[in-house]
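Two complexes follow with chain A in common, the first pairing it with chain B and the second with chain C.
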Partner chain A sequence: MSIGTPITRIEAPSKVNGQAVYTADVQLPGMVHAVMVGSTIAAGRLRAIDTRAAESAPGVLAVLTHRNVPRWHGTPDDLHYVEPRFPLADTEIHYHDQCVAVVVATTREQAAYAAGLVAVEYEARPVVASLDAALPTAHEPVWRFEPLFPSVVEVGGPKEAFAGSAAKVDAEYRTPYHSHAPIEPNATVAQWERGRLNIHKTSQDVHGDRRIIAGALGVPADHVRVWSTLVGGAFGNKTTVWPHTLLAAVASRQVGPPVRLVTTRKQVFTGHGHQPPIIQHLRVGADADGTLRAIIHETTNGTPILFDDPEPTISPSASMYAVPALGAYVRVADMHMPAPALLRTPGDGPGMFAVGSAMDELSYALNLDPLELRRRNHLAHHPLKRKPWSGKQLLDCYALGAERFGWDRRAPRPRAMRDGDDWVGFGMSSAQRLEPHTAATATVAILDDGTAEVRTSIAEIGTGNLTTLVQIAADGTGVPVRRFGIVSGDTDLPEAAPTHGSRSTGSTGTAVHLAAQNARLAATRLAVADPRSPLHGLPTDRVGAADGRLFAVDAPERGESYQDLLRRNHVKAVTEEGHHDPNAKNQQFAFATFGAHFTEVRINRNVPRVRVTRHVAVFAIGRVLNPKTARNQAQGGIVFAAGQTLSEQLTQDPATGLFVTPAFTDYHVPVHADVGEIDVSFVEEPDYNAHPHGAKGLGEVVCVGVHAAIANAVYHATGIRVRELPITPDKLARLVRESG
Partner chain B sequence: MRTFDYTSPRTVDEAVRLLADHPGADVIAGGTDLVTLLRDGIRTPTHLVDVNGLGLDEVSWQPGGAVRIGALCRNAIDDPALGRAYPVLVKALRAGASPQIRNRATFGGNLLQSVRCPYFRLPEFACNRRTPGAGCAALHGDSRHHAIFGTSENCIAVHPSDCAVALLALDAHVLVQSTRGTRRIPVAELHRLPGRTPHEEHALRRDELITAVELPAGPFGAHSTYVKARDRASFAFALASAAAVVAVRGGVVRRSRICLGGVAPKPWRSTAAEEALRGRPLDDAVIEAAADAATRDAQTRPDNAYKVDLVHGVVRQALTELREQS
Partner chain C sequence: MSEGTNRRTVLAGGLTVGAGLAVGSTLARTATAGTTPAPNTRRSVSLVVNGTRRRLEVDPRTSLLDALRDQVGLTGAKKGCDQGACGACTVLLNGRRVLSCLTLAVMHDGDEVTTVEGLASGDRRHPMQQAFMDLDGFQCGFCTSGQIVSAVGLLAEKPDLRRAEIPELMSGNLCRCAAYCNIRDAIATAAGLGEDG
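For the complex of A and B:
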């Protein structure tokens, strides 16, 4: 068995020795370079654009603007993954650094220089540069995912139930623009070959991207091939087809040779996705014993002028607790902002900050331990779907986490734990993330040279999914991991689920699992039908597979290697497909992953910065495919969310709507010195109701609840309830003057 | 192409000659600041004079006990004698940037680094410091990181250096050279307040080269520390910082320097805090009074009013550490 063993990522050596290829490393013969020119206003229109100087600069091959960009085909219908206005389509400006021209030149330096020579005259218009300013336009979103993510959920008369509750919390929580801030900038290399388009791009979903690219360019989808090699961090920002990809494609068509367009660091921050600012108003009512009576969760997020993109933060309110009366309302308000993108963890991340904070506030109002409050409202089924969870070990997560953390050492009142000049606080939160089911296909081939191969279009964004898929395939076929290869990230391969929304393990993993089973069965059939095989005549279910060999379950020494079997039969490869059909999921159940976070913060009263000194997390994700990659994902996710909680913020200038911090110098992701002790464990119970291999997604649930756990610990330490992220030192500065 | 000439002189004389001959020349040392300014088009020199070949990278102790630190010494400098004589300096350096940057960054470059006001660094904003008379976008913008002392209606940016704050607290001088000869500039006079001319950032003339920093002989300086408040544990500029040097004799503070970083357009000396310490024992009440005095006359804006508390906190922390050491 390789599942459950801590195998090192199969691509790790290449990342260490420099052989790993990322999109910006792709070299094609004759390749030239493109650079985008961005608008220096956030709202208005182009009055004039003069490209003459740029065109006559050394090395310049073309300058694309709204005047000469070829006509786009179709209209973007997948609003979640592409902006509704194609790039350079007109003279309107809707956000800062919006592309107004593309310069193509022989070298990147020439293109960058000429980009600076493009002279643009703007007509500025009044800008809506903050969510507060946008609130008058708040409205119910109109978008195509409404059935999946309802904007209004109302059951049981929430207003009355809240009014009649014995204990109440009524508070507003705010989260800022958060950026994905991947290390690898978004990039595209485009090449045309006799009417066919080859695209190498930073992508989390090559097949999804292909549909959008083909639609925009008016090319049949099967004339477009998209590759995603290794991806250097994505967190959702590579789920969208950004303008630079479409522009690289039209630029290459215009000039002839392949075009590489690598975005600048600034462009990654300004125009490649973010989570928009959100205001959540929560009203939570409970009985004196803590039993929840009502939750009213109203959320409003900023959305671009041109389309509605709601952030479904109501998800925790609508799926976690046994609350008889629920009112959940999603609204959006129009701002001059670039398109958001899914950001780890959409909806639940900011949603659980609010819900997890409100539950904490309620616990103080009730004088009840916050963990006990959650236990009392625990629910074994989905409250709205009224279906049991396929597997929920949240109570076990609570128990194990509390024990590992030492939760019983928590003083019941805030500001009660002091260590020298440090205020010390404990905080906790639950974690929950719905487990999606998405169509996915893979093949597994067992080859006559003793090796085997998985083929599926999945993109590897740094999670370790290539490794865990190989583990699934290895156990399914009985061919050891070290003899397995995987080919991925290419639309010529069977279509995997997108690498976002925690779909790799559940959906693509199931496809690989089935493909491996099918391949093994096909080989077994070959063996039992082959008179020369030692397994001849056995029923297929009496044949096992391990170490690259088929054997009789009842007499393991009787058997032969796949290699011998295939060679003797002159079969080069046994290749079988596996398909995960989301409609075939078990309709009896609802599906999710769960967890609990416990955190200790320390805040020096003279230098009041929040230090997360200890964090204990326990997750229930079904079977753990690989403890090493799982722990790594969990730790990374916790650090990621801690950064959002404590220091990350993309600031928009209140006067102009331009971004002020589009660089790592000012957009403060955590550095090593910020990371305290992180203790991760799993309550492992395979969830065969969810997926045949018993494993579920992990990449997102690990982030959910971290924000609230930290904010709750800050309150416990200091008595200051910070309801607006990030919790930077300015929000705690008054501690300096407080005695005690 | 926006081209520039690049020269790598071997002697200081040659370097200052190049600076004199090319009015559009900039010195490049570690390049950790200048290169990003070149990339973003904030600085557009016609000529780069690379001073890395000049030597000037030694720490030399003078006969009277003073010490000269060559302008090309890196911020990663690890000299035990320096650490004993001037702990505040070594702590300030360690509190700055990241190890990689400190390995490149030089003393001269650190002192002359440009402000970190984001409006200065993004060409799409108006900035008086970058373009005299253009206006100051920070005044109506996000000023969370901006100054609470020494500002003018033309500029409210803070000087970002940690090292400079320590050097001010140590009464250091900067040694400069040009074709006209050499001169010494007290660190206190190196950086300018913005007033009506925020673009005139420092007292160095265009053609002058920093050759060294000179610290006066001890023992003043040996009892010192540096405390920095920032948005994350490391690799962030100061929201507020304090360099504190005290000389305690007979149980009372005889002499002290309290200098602040991250709160003014130049390293900011608080004579009020020093006054509050003079002749008094370093006890809780006196530390509190000094910390309070350090915040006197702060001119805050809604976004940066919190810095008053942080100044109070970092001064208290620094003085508390010094008390515990004595």
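For the complex of A and C:
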């Protein structure tokens, strides 16, 4: 068995020797370079654009603007994951750094230089660039995922139930613009060959991207091929087809040779997705013993002028607790912002910051241990679906986490634990994330040279999915991992689930599992029907597979290698498909992943900077396919969310709408020195109701609850409740001063 | 940066900073022709890259990073920000770690450059590469070349490195996947440091 063993990533050698290929590394013969010019206003219209100087600059092949961009096809409203207004479609400006021109030149230096020569005259209009300013336009969203993510959930008369509760929390929680900020900038290389388009791009979903690109350009989907080589971090920002991809394609069609367009770091921040600012108003009511009576969760997020993109932060309120009265309301308010994109963890990340903080506030109001309050409200079934959760070992997560952390050393009152000049605080939160099921297809081939191969279009964004899929296939076929290869990231391959929303393990993993089972069965049938095989005549269910060999279960020495079987029968490869049908899931259960976070902060009382010195997390994600990659992903997710909690904030100037922190020097992602001790464990129990291999997603749930755990620890350390992220030293210093 | 001049100072005379805040009507130009080197001029530069002398004809505006990636064909060093803020482009320049996006190729005639591709001895990985592999010191791998080269440079700078110093001294290399715990362990392992080292 390779599942459950800490094998090294199969692409690891190429990642340590510099040979790993990412989109911007792709070199095509004759390739030329494109650079985007962005608007220097955030609202208004382009009155005039002078491209003459740019066009006559050395090396320049073309300058695309609204005047000469070819007409876009497709109907953006019908397309997922793309802005409804195609780039350069008109002269309207809806956000800062919106693309107003593309310069194509022989070299990147020439294109960048000429981009600076494009002169634009704007007519600026008043800008809405803060969520507070946008609130008068707050409205119920109209969007395509309404049935899946309802905007209104109301049961049991929440207002009355809240009013009649013995203990109450009524508070507002705010989160800012957060950026994905992958180290790899979004990039596209586009090449036309006889009416067919080849696209290399930073992508989490090549098939999905192809549908959008083909639709926008008005070419048949089968005339477009999309590759995603290794992806240098995504976190959701490579789920969308951004303007630069479409522009690289039209630029190449215009000038002839392949075009490479690598976005600048600033453009990654300004035009490649973010989580918008959110205000959540939570009202939580409980009995004196802590039993929840009512939750009213009202959330409003900023949305672009042109379309509604709600952040479903109500998810925790609507799925975690047996609250008899619930009111959950999602609204959006119009701002001059670029398109948001799914950001790890959509909805649940900011939602659990609010819910996990409110639960903590309630625990102090009740004089009850925050962990005990959660235990008392633990729920074995989904409160709205009224189905039992499958694989909910949340109580085990609490117990193991509390023990590993030393939660019993927590002083009940805030600002009671000191170490020299440091205030020390403990905080905790639950984690929960619904487990998605998405269609996925893969093939597994067992070859006559003793090797085997998985084929599926999945993109590897750093989660280790190539490795875990091979582990699943290896165990399914009995061909060892070291003899397995995987081909991925290409629309010529069977369609995997997108690599976002924790879909790889569950959905694509199931497709690979089924393909492997089918390939093994096909080979087994070949063997038992072959009079020359030692397995001839056996029922297929009495044949096992291991070490690249089929054998009789009742007499393991009786058998033969796949290689011998296939060569003797002149079969080059046994190739079978597996398909994950999302509707085939067990309808008796509700599915999610679960966890618990415990964190210790230290805050110097003279310079109140929050340091997360120790973090213990325990997750229940079914079977752990690879403890090495899983632990790494979990630690990384915790750090990712800690950055959102403590330092990350994309700042928009409220007067002009310009983004003022679009650089790593100003948007502060965690660095080595920010990271303390992070202890990750798993409560391992395969969840075969969820998926036939027993494993579930991990990448999203690890971030859920971290924000609240840290904010709760800050309160415990200082007695100061910070309800607005990020918890920066200046903010905390002000609150400390105000609190005396 | 061990070099005295970086790209920002070289181009300082040639750039006017963007349009600033736009109110009403503005005419924005971010560069002024005539004050930068003549765009078609190419200069010859000789670099010793991973032990091999390479003569390149480069646009004077080409960063060392772009020259390595697009002309020498070594794409291990990555462009994460092009602003000297992420560390993905770290290479060794005459043995010291530098950010290759912040220095121009033409400034380095005769200099020795080591990239991640030059660390191994034949088929044998550098101990730092092996440690990153064994301890899973990455996820997406995009910052990894820079992390590894930076770590190799760090050990050369500070042979008496202690484990507790690693986080601070590696903080110029961002890892957005945040494999920091494993990177730290990999560097300590390659440096032969124990738990208390």
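Note that in this section the second predicted complex is superposed on the first by the 730 of 740 C-alpha atoms of A that agree within 3 Å, B and C clash if a C-alpha of one lies under 4 Å from a C-alpha of the other, contacts with A are read in each partner's own complex, and residues count from 1 in each chain.
Criterion: contacts are C-beta pairs under 8 Å (C-beta built on N, C-alpha and C of every residue); 3 or more make two chains touch, one makes a residue touch a chain.
Remember, it's a predicted structure, so these values are computed and weren't measured experimentally.
In the superposed model, A:635 makes contact with chain C only, not with chain B.
In the superposed model, A:188 makes contact with neither chain B nor chain C. Of the two partner chains, chain B and chain C are each touched by A:116. Of the two partner chains placed by superposition, only chain C is touched by A:24; chain B is not.
After overlaying the two complexes on the shared chain, residue contacts for A:647 are found with chain B alone; chain C is out of touch.
Once chain A of one complex is fitted onto chain A of the other, the partner contacts of A:245 are absent, as it touches neither chain B nor chain C. Once chain A of one complex is fitted onto chain A of the other, the partner contacts of A:733 are limited to chain B, with no touch recorded for chain C. In the superposition on chain A, A:11 makes contact with chain C only, not with chain B.
Contact comparison for chain A: of chain B and chain C, C touches the greater number of residues. Once the two complexes are overlaid on the shared chain, A:233 sits against chain C while remaining clear of chain B.
When both complexes are aligned on chain A by C-alpha atoms, chain A residues 40-41, 57-58, 109-110, 113, 116, 655-656, 658, 665, 670-673 touch chain B in the first and chain C in the second. Chain B makes touch with chain A in their complex at residues 1-2, 41, 98, 116, 118-119, 122-125, 137, 140-142, 144, 227-236, 239, 306-310, 312-314, 316-317, 320.
Taken in their complex, chain C has these residues touching chain A: 18-31, 33, 36, 39-40, 59, 61-62, 66, 69-70, 73-83, 85-86, 88, 115-117, 119-120, 125, 129-130, 132-134, 136, 138-145, 148, 166-168, 170-184.
Chain A meets chain C in the complex at residues 8-9, 11-22, 24-25, 27, 40-41, 47, 53, 57-59, 107-110, 113, 115-124, 181-185, 230-235, 262, 264-265, 460-464, 628-629, 632-633, 635-640, 643, 655-656, 658, 663-665, 669-673, 675, 678.
For chain A in complex with chain B, the touching residues are 40-41, 57-58, 96, 109-110, 113, 116, 421, 604-609, 611, 646-647, 651, 653-656, 658, 660-662, 665-666, 668, 670-674, 728-731, 733-737.
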